[in-house]
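Structures incoming, each one as structure tokens.
Each of the next two complexes has chain A plus one more chain, namely chain B in the first and chain C in the second.
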Partner chain A sequence: MKLELHRIRISKLEFGSSTGVRNGVLTVNKDELEKFLLEDERLAGVSLDVAHPGESVRILPVKDAVEPRCKLSEGNEVFPGFIGDVDPVGEGKTLVLEGMAVLTTGRLVAPQEGIVDMSGPGAEYTPFSQTCNLVVVLEPSEEVKLHEAESVCRIAGLKAAHYLASRCKEAVLSQAVAADTVETFDAPALTEAMHAYPNLPKVAYIYMLQSQGLLHDTYVYGVDAKKILPTLISPTETMDGAIISGNCVSACDKNSTYVHQNNPVIKQLYARHGKELNFVGVIITNENVTLADKKRSSSYAVKLARMLGVEACVISEEGFGNPDADLVMNCWKAERAGIKTVLVTDEYAGRDGSSQSLADSCPEGNACVTAGNANMMITLPPMEKVIGDAPKADIIAGGFFGSLREDGSMEVEIQAILGATNELGFTRLGAYTI
Partner chain B sequence: MMERRTLSGVVMRRMLLITNNRLFFGLCRPGLSVVAALEGCNDASTPLTSLDVVRIARDTIHRGWVLAHHPLYGNVRPRLQPFRTILLLEPERFVDGRPEPDLLSLHLISEAMTVYESERESLALVDAVPESLARDCAFLDAELMKETLAQAGVPATWSSDRTITCCRGQREGERL
Partner chain C sequence: MAYRVVHYINQFFAGIGGEDKADHELEVREGVVGPGLALANALKGEAEIVATIICGDNFAAMHSEQVCAAVENACKQYQADLLLAGPAFNAGRYGTACGMVSSFVQKNVGIPAVTAMYKENPGVDIYKKDLYIVETGDSARGMGTAVPAMAKLALALLKGEQPSKEHGYIERGVRVNTFYDTCGAERAVTMLLKKIKGEPFTTEYPMPVFDRVEPRPAVKDMKSATIALVTSGGIVPKGNPDHIAASSAQNYGEYSLSGINDLTADKHQTAHGGYDQTYANQDADRVLPVDVLRDLEKEGVIGKLHEMWYATVGNGTSVANARRFGQEIGQKLKDAQVQAVILTST
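And now, the complex of A and B:
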């Protein structure tokens, strides 16, 4: 499978009479897109806004972030099971509007969270302060039940993202607009992959997906991930939106759809492929609630790694608490099968950093990358503009994550900030050698 | 009800649902006991804290009962969620006629106690959160138990007014 990503760099968003891209400026026909989204009768209201890096804007509560993409080539469309059919993706040519994101916001259930500040100290913690954001404020109809409301908001984000890319497609195909970069990713057949680079260690990636239940779910080709056995997926399929986030809880370390589309672990494994290691595959697995499911999925994921004959695995987690047990089971089962592991997680070590970081651990987990301590406190200054469910901001801040002050500033743990300690490494925190 | 197969056929396994979530108080199923008013809490109008629920589960696990699911939520801290529900299965292993504690259950509930104890001072309390928030939190707690209950043979649905409904086999629950 070979996939070309044709990237157009977006440096500014504006509203106008027609949707299209020119010189890095994406113009959006606001009325057309709002009407398009309102075709879903389960939505009572949709409004659009834009937010750019450096502006005094706070967006909350953000449900999902999606990067606009669509297929340039024939075959199934992106976001299979939602926008595209359920047939495979990950091949051909895909158009990417890089440097921007669709952020969906709207109240689903309390407690709410997911703050994106476009400037100030909070902006330093979220990668989405660096993107030009089209914010889609969604209001599900009153008669829509919670399950459906989550689904409605999730699908609206995908539709908006696909709409934006699709409106730029003709200009690219007619060569009126050229992609700024074209990057090719190859995912060869296993027969070929196994014999490539015989002197390099074979490495797989065990990609854990949140799947605990309502507001804690992930979808693969439209299938609820809690219903799957661990399975192989091509890394190029993830780039075409085969994995969709329905996870609305724990903003700092949930993997939004944007992050699944741009998984940094996959990116780095590709960068080292053929040089330091032989990247042979991605195994997706879930993070279910029952102990039977945890045992089954961890055993099965490691069994797949053994079938691939890999010498090492990178294992990434999504979320915290209960999923720490899945991470640890995946780790010790792989290690005891002779497969070395590197774990990627984050920590809840208390505000002073002295508490136990994970809810579970094992001696075999001796190579662990942390994305940071989600309990660290930060003061977010007031912003001139708030987009989203502003009246609920006091509940978010005061009731649960800190305190909302009279001047509009907030004292919160960085857990409330979208992507602050993302466990795929899609974060602005890092350790640097000076 | 959870089943296990033996040479002589299927043996039914009793279950214990420990909860401070009002949505579960009326849940009835043969073989299922709902523990909502124990350990000094004699009526359902003064619900246990989430920490109480975990502590009762821990003590019960020491008596050989087995966790059906992980005792922590995924992605929700104790200070954000006043409710907790834990499903236990009756002891399976016995030594000299006494139930033998399940080591995995003991390990996980001990780790969960550490997490809940670390937030003891800031625990969300049912009576201290706004009613709308309490309703949402109770609903989410019930939702996150749905898969566990279904796998244990207790299919339950929640109606639009967010009250729990047993799907079948309703009758008075057993007491311990």
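And now, the complex of A and C:
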């Protein structure tokens, strides 16, 4: 499987009469997109706004971030199971509007959505302060129940992202607009992968997906990940949106759809592929809540790694607490099967940093990368503009009663900031012991 | 201009006397006293010891509030930029006093403090989380190495530098966030390659070691047992009167079950932010099964349901907070002669 990513660099968003890209500026026909999203009758209202890096803007509560993509080649569309059909993706050519994101927000699933500050100290902690953001403020109808509201908002975000890329597709195909970069990713058949680079260690990636449910869900080709057995996925499929976030867990370490599309572990393994290692596969597994599920999934994921005959693997977690048990099981089962592991996690060491950071532990977990202590407090100064619903800060995880002050500033744990301690290792944040 | 430092020492190092003078009342003298002279030299003119606080070890232990307040006042009066305390070596009361005043001054004056002790000094375990404590030998014979190390660490803190292991302080066990040069994924793959090759690597987080609690033996006589309900599922009276946070709880609530046979949507809710609240808010008995326990009480299966329930939110709550809640709730239940507890999570 070969996938070409044709990336157009977006440096500015603006509203205008027709949606399209020119000289790095994406113009969005607001009415058209709003009407398109309102075709879902479960939505009572949709409004669009834009936010750029460096602006005095706070967006909350943010549910998901999605990078606009669509297929340039024939075959199934991106986001299979939602936008595309349920057939495979990950081959051909995909258009990417790079440097921007669609952020969904509004009256959503209150407790566990995130904050994105476009400037100030909070901006350092979220990757989405660096993207030009089209903010989709969604208002589900009164009669829509909580879990359905999540689904409504999830699908609206995917539709908006796909719409934006699709509206730029003709210009690319007719060569009126050229991609800024084209990058090719190859995921060869196993027969070939196994014989490639005989002198390099075979490495896999065990990619844990949040599936604690309800509202702690991830979808693979439209299937709720709690219902899967661990399975193989081509890294190129993830780039075409085969994995979708349906999460309302703490914002700091939930994997938004954007980071699934741009998985940094996959990126880094590709970067070393053929030079220092032979990247032979991605194994997705889940984080279900029952012990039997945890045992089954960890054993099955490690079994797949053994079937691939890998020497080592990176294991990334999503969420914290209960999934720490899955992380630890994946770790010791792999290590005892002779597969070396590095774990990517984050920490809940308390506001003073002195508690144990994980809820489970094993001596085999001797190589651990951390994305930082999510309990660290931060004061977010007032912003000139707030998109969304500021009083929600009081109940966003990591915020607490009284966290929103009269002047509009907020005192929160970085847990409340979208992507702050991302466990795919998306950011540079980490922690050490003093 | 040189930084201003206030130095805290005990009666022995001030040359006043040993155990017989341990009740010596706190006094403040301008300039250096005792080990302050060597410290002042080691500060190499970059910082000046402007005043010395002298206090008997027993006096400090017996009058802790008064001593802390006096040290706070002295630091303010002499416009100190930093407090030095000790070195205390293996003197237990002295080490504890050094830790106490250092920790107090950091919190209440907002200036850094540096102290120094032997690793087994009881002051270490109490205060290492809050303080940089330079590791010393177990007696004053270690003065020669303790003094320059304290001065070096003090100057680093005064200049706003992050101390490192080279400063020789006792590991505080506190996790601090930092931005690395590369993203986590890149660090992970680099670490994996080192592990594959058998090269040395350093984990960013050494795995924790946990307390394991042996379950108590089964209750033999349920018919006369008082059973309590405790939950980390966040079930609280409507309105969440104790403001228990949706995540990272800092407190727990204690509520009366008197006259309640069933939890209802108009009077109860969950404060928990980690799950879909719909079903818990519809019927909080789903998380805290009061209705079923009342049935069992009526049927005589259990003696009675304890009159109070305890609730917190187990969502990103730190182990330290959880341990404190557990110890306090456990003590209350023990005092109330409860025989068994049903702990519900989510």
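By definition in this document, the second predicted complex is superposed on the first by the 412 of 434 C-alpha atoms of A that agree within 3 Å, B and C clash if a C-alpha of one lies under 4 Å from a C-alpha of the other, contacts with A are read in each partner's own complex, and residues count from 1 in each chain.
Just so it is clear, contacts are C-beta pairs under 8 Å (C-beta built on N, C-alpha and C of every residue); 3 or more make two chains touch, one makes a residue touch a chain.
As the structure is a prediction and not an experimental result, all values here were calculated from the model.
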Chain C versus chain B on the shared chain A, clash or fit after superposition: clash
Look at the residues of chain A and decide whether chain B or chain C touches more of them. C
Tell me which partner A:N288 touches in the superposition: chain B (first), chain C (second), both or neither. first
Is A:C362 touching the first partner chain B, the second partner chain C, both, or neither of them? second
Examine A:E347 and indicate which partner it touches, taking first as chain B and second as chain C; both and neither are also allowed. second
Going by the contact rule set out at the top, does A:R428 touch chain B (first), chain C (second), both, or neither? second
Once the structures are superposed on A, label A:R405 by its partner contacts, choosing first (chain B), second (chain C), both or neither. neither
One more residue to check, A:K226. First (chain B), second (chain C), both or neither? first
Which superposed partner A:R296 touches (first chain B, second chain C, both, neither): neither
Could you say whether A:S250 touches chain B, chain C, both of them, or neither, answering first, second, both or neither? both
Is A:G321 in contact with chain B, with chain C, with both, or with neither (first, second, both, neither)? both
Looking only at the overlay on chain A, choose which of 81-89, 117-125 or 279-287 in chain C hits chain B. 279-287
List the residues of chain A that touch chain B in one complex and chain C in the other. 109, 111, 145-146, 214-216, 249-250, 320-321, 348, 350, 355-356, 395, 399-400, 415
Which of the residues in chain A come into contact with chain B in the complex? 109-111, 145-146, 210, 212-216, 226, 247, 249-250, 253-254, 287-294, 319-325, 348, 350, 355-356, 359-360, 395, 399-400, 415
Taking the touch rule as given, give the residues of chain A at its contact with chain C in the complex, in rising order. 109, 111-112, 124, 145-147, 201, 203, 214-216, 248-250, 264-265, 267-269, 271-272, 276-277, 311-314, 316, 320-321, 340-342, 344-345, 347-358, 361-363, 365-376, 395-402, 413-415, 422-434
Listed in rising order, the residues of chain B that touch chain A in the complex are 67-70, 72-77, 79-80, 104-105, 108, 111-112, 114-115, 118, 129-130, 132-133, 136-137, 139-140, 143-148, 151, 160
Give every residue of chain C touching chain A within the complex, in rising order. 129, 162-163, 171-189, 191-193, 195-196, 201, 203-210, 243, 245-248, 250, 272-278, 314-321
